[in-house]
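As written, the chains take the letters A, B, C, D, E and F, and residue 1 is the first residue of each chain.
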Amino acid sequence: MDRVDEFQSRREEGNRAVLDLDHLGIKRFYNLDTNTYRDGALPAKVKELLGLVASLVLRCNDCVDYHLIQCAKAGWRKEELVDAMNVALVVGGSIVIPHLRHAALTLKTLEERGELAS
Amino acid sequence: MDRVDEFQSRREEGNRAVLDLDHLGIKRFYNLDTNTYRDGALPAKVKELLGLVASLVLRCNDCVDYHLIQCAKAGWRKEELVDAMNVALVVGGSIVIPHLRHAALTLKTLEERGELAS
Amino acid sequence: MDRVDEFQSRREEGNRAVLDLDHLGIKRFYNLDTNTYRDGALPAKVKELLGLVASLVLRCNDCVDYHLIQCAKAGWRKEELVDAMNVALVVGGSIVIPHLRHAALTLKTLEERGELAS
Amino acid sequence: MDRVDEFQSRREEGNRAVLDLDHLGIKRFYNLDTNTYRDGALPAKVKELLGLVASLVLRCNDCVDYHLIQCAKAGWRKEELVDAMNVALVVGGSIVIPHLRHAALTLKTLEERGELAS
Amino acid sequence: MDRVDEFQSRREEGNRAVLDLDHLGIKRFYNLDTNTYRDGALPAKVKELLGLVASLVLRCNDCVDYHLIQCAKAGWRKEELVDAMNVALVVGGSIVIPHLRHAALTLKTLEERGELAS
Amino acid sequence: MDRVDEFQSRREEGNRAVLDLDHLGIKRFYNLDTNTYRDGALPAKVKELLGLVASLVLRCNDCVDYHLIQCAKAGWRKEELVDAMNVALVVGGSIVIPHLRHAALTLKTLEERGELAS
């Protein structure tokens, strides 16, 4: 298992535990969250990139991994993702660097898996 | 060792290292912190729930685990804890979700240990 | 106009501008947010107190004012609100103090308006 | 003076005071910051939108106003900006709402000034 | 009244309201906070500078003003304060810039009042 | 491998991945970051201490480890580092405690390695 598989398996286990809590408000939030990244006035592809930058400046590694995977599926190329990561670095400062390191390693794994558009 | 035991053992090792630093200000802060959750105008039980929600919106897994354990001891039932976790999710947004997953898994462990009021 | 009237008038003007944006996702979020503080496994009264503490540790004065007003309506007494504010101070540290000052002045205004339970 | 003029005048006065500090590191940071939003692997237009969402989730009104003005200049339409603001709301939660209100009022002003693409 | 007078008067009014709440925990926190910046293993002068940088990266203008005033009293020169502000800018990123503008204007006022060491 | 070796090895692997991204803006940020902690109006030694406190209040364990190592190299004694950590605790509140535990364990390791000035 590489870091992408490991993340996805851990994420699924956690989401199952959350949904087992069986709280209507939490389920509605999950639903709202999913709909947020569907095509709207902005295409889904652009909104995934917004999610990536928001995750980096808020310094959440799991959210970074999730949005990197989604961005790769949406067709963003490596150079474009890195340019977005640079915006997050400048907005968020050097405190973002450990999360940039995390993102760079996940990006490398996605590339090795052949899941990044070229 | 389940995740609750693991957390408590790691927390104790860390707190010992902090107290070994032997700094008067730090010791006073620890003391103040302990007193904060004693019965006052609000009962201790309510203040543990406040601590849980504050920990979730500030996105600190160790603090979440600590307050979940304290909330279970104070007699909060699972459904009530989940309703508080939902408040934290809505206030803090989807960036809280990885910590909600963490909390759901800890809650499940507390339930399996028979430490949650029913 | 006292600080409570001023806040409410500014909040209403802003919320009108938000709803005029006419975005389905935003409207659903507003709806979800309102439902969060309705009676559930926890009574509405307790959830308003959770909202107050979350607002203080996240350092949002407008959110603090909103939840103080809601907490007063829900029947929390001054001493209880102050005890919750102390939890937020200890969790969030001295960086919370300017927001504690803000909350103390709003609380004083609510008291002068006769809107705090005694 | 409307809120956009007021913001720009206050921002310019502040930036003059910062540059008068005459610190090489600060000047280099300002330079780096400006270059970040130039065309690169991503077009400048997309990067301004990333800046807007980062500003909203980090809850900085001045940064929100700055990036809204830049996004309008870059040619984003109102509906697209609102869709980006919705991503920020869902990622950042209800604590973002006061900043969403702020953004909605600035957007309204930009529209009245005829500075939003349609 | 310049911005320093205005801040101090507003701060005093707020602190009076906080102390009027008459909560033992809050009073103890205020006391602990005051003691933190007394001479210890580190001189008070260094600790005020730490307080300034912490306030900037946590983006709290009132805290920035307070620590700038304290740093000026402690004998830090303008160039030194600016060098500390640069550390905060790089750690915290461009989202700190509005607070850097605020700090630069307060520094200018302190200089005009003759309260900065030269 | 102790926790300091483990951190440094993980940090180097991550930084290699970041530099392999080959983005000019990111490289310039890294360069700016390095220069920030060089002797200026303030000596490098003081600026490393500022970096440590900023890292603690922003709650970033990797940044804390990095600056503790740098502070040890710069000649700060254990008692002085602990006094700075106390400032961070009081500013940032009990939510900082898990990071204080982390810092205390790293400090202990640095001491055992004989890398702390006495």
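Simple rule for what comes next: contacts are C-beta pairs under 8 Å (C-beta built on N, C-alpha and C of every residue); 3 or more make two chains touch, one makes a residue touch a chain.
Predicted, not measured: the structure shown is a model, and the values here were computed from it.
Shared contact partners of chain D and chain F comprise A, B, C, E.
Copies chain C and chain F of the same sequence differ in orientation by 180 degrees, per CA superposition (steps of 5).
Two chain pairs are in question, C-D and A-E; the one with more C-beta pairs in contact is C-D.
The equivalent interface to D-F, defined as the listed pair sharing over half of its contact pairs by residue number with it, is A-C out of B-C, A-C or A-D. Relative to chain D, the most remote chain by averaged C-alpha coordinates is B. Chain geometry summary: the mean Cα position of chain B and that of chain F are 27 Å apart. Remark: chain B and chain D have CA centroids separated by 37 Å (rounded to whole angstrom). Chain C has residues 25, 29, 32-33, 36, 40, 54-55, 57-58, 82-83, 86, 89-92, 94-95 in contact with two or more other chains.
Viewed as a network of touching protein chains, the structure reduces to a complete graph with every chain in contact with every other. Of all residues in chain F, only 32-33, 36-37, 40-42, 46-47, 49-51, 53-55, 57-58, 77, 79-80, 82-84, 86-88, 90-92 touch chain E in the complex they form. For chain E in complex with chain D, the residues that touch the partner chain are 59, 82-83, 85-86, 89-90, 94-95, 97-98, 100-102, 104-105, 107-108.
The part of chain C that touches chain F in the complex is made up of residues 57, 89-96. The touching residues of chain C, when paired with chain A in their complex, are 25, 28-29, 32, 35-36, 40.
Taken in their complex, chain A has these residues touching chain B: 11, 13-15, 17-18, 20-21, 23, 25-26, 29, 33, 54-55, 58, 60, 62-63.
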